Amino acid sequence: MIVILKENINQEQLESLIQWLESLALNVQKIQGCGQTLLSLLGDTSGLDIDLIRALDIVEEVKRIQEPFRRSGRKFHPQNSILDINGIKLGDGHFQLIAGPCSVESEEQICGIAHAVKAAGAGLLRGGAFKPRTSPYSFQGIGDEGIRLLLEAKHQSGLPIVTEIMSLSQLPLFEEVDMIQVGARNMQNFELLKALGQLRKPVLLKRGISSTLEELLLSAEYILAGGNEQVVLCERGIRTFSNYTRNTLDLSAVPVLKSLSHLPVLVDPSHATGKSSLVPPMSLAAVAAGADGLLIEVHSNPPCALCDGQQALRPEEFHGLAKKIQCIRACLNEGSAGDGNV
Amino acid sequence: MIVILKENINQEQLESLIQWLESLALNVQKIQGCGQTLLSLLGDTSGLDIDLIRALDIVEEVKRIQEPFRRSGRKFHPQNSILDINGIKLGDGHFQLIAGPCSVESEEQICGIAHAVKAAGAGLLRGGAFKPRTSPYSFQGIGDEGIRLLLEAKHQSGLPIVTEIMSLSQLPLFEEVDMIQVGARNMQNFELLKALGQLRKPVLLKRGISSTLEELLLSAEYILAGGNEQVVLCERGIRTFSNYTRNTLDLSAVPVLKSLSHLPVLVDPSHATGKSSLVPPMSLAAVAAGADGLLIEVHSNPPCALCDGQQALRPEEFHGLAKKIQCIRACLNEGSAGDGNV
Amino acid sequence: MIVILKENINQEQLESLIQWLESLALNVQKIQGCGQTLLSLLGDTSGLDIDLIRALDIVEEVKRIQEPFRRSGRKFHPQNSILDINGIKLGDGHFQLIAGPCSVESEEQICGIAHAVKAAGAGLLRGGAFKPRTSPYSFQGIGDEGIRLLLEAKHQSGLPIVTEIMSLSQLPLFEEVDMIQVGARNMQNFELLKALGQLRKPVLLKRGISSTLEELLLSAEYILAGGNEQVVLCERGIRTFSNYTRNTLDLSAVPVLKSLSHLPVLVDPSHATGKSSLVPPMSLAAVAAGADGLLIEVHSNPPCALCDGQQALRPEEFHGLAKKIQCIRACLNEGSAGDGNV
Amino acid sequence: MIVILKENINQEQLESLIQWLESLALNVQKIQGCGQTLLSLLGDTSGLDIDLIRALDIVEEVKRIQEPFRRSGRKFHPQNSILDINGIKLGDGHFQLIAGPCSVESEEQICGIAHAVKAAGAGLLRGGAFKPRTSPYSFQGIGDEGIRLLLEAKHQSGLPIVTEIMSLSQLPLFEEVDMIQVGARNMQNFELLKALGQLRKPVLLKRGISSTLEELLLSAEYILAGGNEQVVLCERGIRTFSNYTRNTLDLSAVPVLKSLSHLPVLVDPSHATGKSSLVPPMSLAAVAAGADGLLIEVHSNPPCALCDGQQALRPEEFHGLAKKIQCIRACLNEGSAGDGNV
């Protein structure tokens, strides 16, 4: 970290700053330019509050050299992580399709979809029991009963399940859930993240719609810092001025996240675009950009879905898409230019 | 609400849609254009899930005429709301300055600041006990002890206090807190909002950094729908490409929110700009735009603040600012052009 | 177009509005709801100024049903356009790689690169002679001499050339240029667009960094309205809060533009990301999303490039990438799910 | 400027970089940290292309200490600039209201408005002759005739006039225009800016809807570098996700621009908000934030305006607003906390 000091500063204040920094086990070097003084800090600065230093009277600017994410970053963990989700591997070449309806509606619905997506090649089943909705008057999911039906579908199909948690208080209901999803709106619900850090269960962490990649990795860091190393990141669109799609799918996030972090990276084209016609092209694009898996909404009867039907694929559309995905993955494996780890 | 149907639709599907809508106690009128059919829905459509209808095969587009916020909106509640925060009135001409440090640090600190801001004209004391921080390695506030010190400062100064809650599980600690703040990151923590709706205590709801005004009002609606009518909204900057300030203070939100809703509207220039030098001009601008109050960070010794010191005013700066604010409020009251309710 | 009127309006004003609309050869239908009146306008409303109607006292809202882009839109031109750029076809299955340096530097440089990219499969040569630069103190291109060198490279390699125009006054220099590029900053330089509409030469129109897709199509409409039908659109990243890449590549724009318009759509991953390591994955993603071609910066010696060297590929990297692109295009052609025209 | 080098670099490359930098008359200091090497560059770096250095193989990051705007910045020109627009002073305490219609329509219209706004206190008359419109089918202004009518209104009222130029080729028509406006879409039309730099006439430069403040100042730098020192900046709203107003008025830009630059700063609340009801509160807010003047659309009969009538004030509304503005300016002058020059 480099601390750039203001001109003509009080030497006493400077000495007191240096002493304080050294008390934090940092090696401080004073670099005298022409009228400009810099401090170069060496050692573990990841716990240092950069805003605190910036706030000091004598400091002009602070420049972090070392990344602030030591557990999610590649520096101390260069090899790709592989998650094990009840026997299904994800990451470092293990690609997974995670498919299912936006919302669990009935046993017939969820079990039917489970069988259909498994036949098409999905490795995990997704479905919402608790639904975060902008308006209190919108359908909020069927709750506990949804979890029960997902477990029944898992039992019948053999697919591990992933479903979203909205609050710490729901945690006991998630005991048999194979992977817990944290939605975009809760990406900075830090108390929830801390609690998930105490588990030893895979967590799917979605990027908030206005989160930088650094913020996403720092939210992952909250979970990893608790000792839970089973985290997968998910790009699902960011909020911009662009208005033909619900959100703007930021696919550059895939190769960037994979270069910064060892964690697997998923993409959710269904929520990002909000339109089923855009899901196939953006799914293929995500795979070509190097994603480790996709989260895709599938519904047997989209027009009658209780939630977000306009973005769901029919099982037969999902099946056709899965074949193209396989073809593209084969292209990537022939060389290395597009694998995202460039 | 107007439902615009696609061309050449199946008449059976249309009849079934009309029947379903009528079953929801809506008055449905079919309007036949040239090749285009519209349905006009009259009655209470606030509980209708607009996405559900959009998802139907035969529907081209849905246009909501009635606002979706019936409790926060002005339609059924035209007069301005007035909150009573332990004897301090806010809204409809009752303007309040809410001041204090970003973070509670010690009894001496918080009590000293409380006296100073009260002397300068503040009506409430703010201070953070639990701090939401992007990185798990940043200072997270002093927790329970912070609440205890705030109550001590309230006791000594007579100022009601407002402080932020981060999780449902912290609620018991907030029993004697006069107004509970929901931070920008929790604006869509719906389980928390529902719980606050069960209280009968003022809630300060901050706009999320990428929330539309409709989303902010719908989050307020979650609290109001529970029966708690004591809600105040707060603009604190949105995330844009602009990078000289921490966030972009969206002051147009003030007159827009006041025209859509009867709830009081505050502005927090300290968090929006992140720089103390910008707090005075943006405070005055917020007042001129019609804000019902301001949230301003004040610290006796900003360079030594444990958190966000670079955005805090010194007590004497706050005092000078408060005087100018009074002057501007007097200008507004001479006529009506700038009162935000235009 | 549907005009939604306010409640309790003056009948005289209404009649006068209807008469005016009918004078514009529109078929106007009055639709009376319960307290609400709508006007449905049928006929060619593309020339109608929607803001003008919205401004009327008695109008609540105007909703356009018909698209405002009649020449660039698919409605009256359902089949894909194919451009002929001096013998090279682009669009409707004709995919082209357009490669070359950011800036033309010398005859040796541009001719060397021309041969190298042709060998790797490029169909056109790109290179900047006039460079739009944010600062007046940055390198501004070598001007006229750059055009002369590009023509020499065209002569030697046989590749048609594309280069950027910055001002109407430069037009005479572009006589032998095969395709004229309008950069993002000039996308709404309407006087320039009108002049290009008078030519019968292909134009490559880049999306402005904060343009909606509707605005891009309306800028294309300026050229098409002049009678020049040879327009190709190019997505090159939009400005968002996200800060790891120079801009955010909005790949959803590809399938959306292709569904709205018959014009070919290119992607420029070099300018969008600003980092050479991200060019291969985002190139592959763009192809998988259905792009009709790519604009890629290639330089024999990126670290010594006079401009944007950090985003240029070396010829051998470009060669490897071109092979993978071919592989992915073969995957798309096996079915139809990812061809962008869904 | 500080150049941070990569670890383990080639010493020959380093020496050659240092030699090159020294050849540019810079004083280069090598600073050796632990594994990290920095170069500190002293001297005039304003002409240095930062991207060029970043592109070098051995460079990790470049940090500019000195501002890149030497003519528009305060460093070498600490005192506020004062423009003289045909006898009307603007800047450094000279506040001006610039008012008039979006579009010039007829002699009666423009002369009537000119007299009305002068009576209310306006110092300059604005009006559009050439209108940049997103669609080629929208009203494009009345052109040359508009300039002629503006000059007539100037003659009758005595108010200097400001109107927008859209293209270099229109320049001869602007000979008698007192201040030339460059619109948001042309802020980076560099050829136009260079030509305006050759004039000795005031230029009103509007911020592009997605321009950073640095980009705005660098565009001003293009004009100043040509020798024309009469430039005034104008904030008119930026494009964000927020959708209740046309653009998001970024009022923090006022104090930030005034701290970075000596140029006067105007605000245009009419275009930023797009709604006449928001113009009064945002005008007052802009004044309170420290603006040197406002650009306000006034029309005698807004519902019949040919362009943007929904954002125009009636003369009597403008008159009432002007009085409140005077009151607020008096508040600011009583002290210094809110004068934007903090």
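Each chain carries a letter (A, B, C and D) given by its place in the written order, and its residues are counted from 1.
In this section, a residue touches a chain if its C-beta (ideal position, glycine included) is under 8 Å from a C-beta of that chain, and two chains touch if they have at least 3 such contacts.
Not measured: the values here are computed from a predicted model.
Enquirer: Mind listing the chains that sit against chain C and also against chain D?
Expert: Correct list: A, B.
Enquirer: B-D versus A-B: which has more C-beta pairs touching?
Expert: The greater number of contacts lies at B-D.
Enquirer: Which chain has its C-alpha centre farthest away from the C-alpha centre of chain A?
Expert: It is D whose centre lies farthest from that of chain A.
Enquirer: Would you mind pulling out the distance in Å between where the CA atoms of chain B average out and where those of chain D do?
Expert: 32
Enquirer: Averaging only over C-alpha atoms, locate the centres of chain A and chain D and give their separation in whole Å.
Expert: About 40 Å, centre to centre.
Enquirer: How big is the gap, in whole Å, between where the Cα atoms of chain A centre and where those of chain B centre?
Expert: 28
Enquirer: Do you know which chain C residues sit against two or more other chains?
Expert: Each of 210, 239-241 in chain C touches at least two other chains.
Enquirer: Can you list the residues on chain A that touch chain C in the complex?
Expert: 210, 212-213, 238, 240-245, 248-256, 259, 272-273, 277-278, 280-290, 317, 320-321, 323-324, 327-328, 330-332, 334-335, 337-340, 342
Enquirer: Would you tell me which residues of chain A are touching chain D in their complex?
Expert: 2, 4, 27, 29, 31, 33-34, 36, 38, 40, 42, 63, 65, 239-241
Enquirer: For chain B, which residues are in contact with chain A within the complex?
Expert: 46-49, 51-52, 54-57, 68, 132-139, 166-169, 185-186, 188-192, 194, 208-210, 215, 218-219, 221-222, 225, 239, 302-303, 305-310
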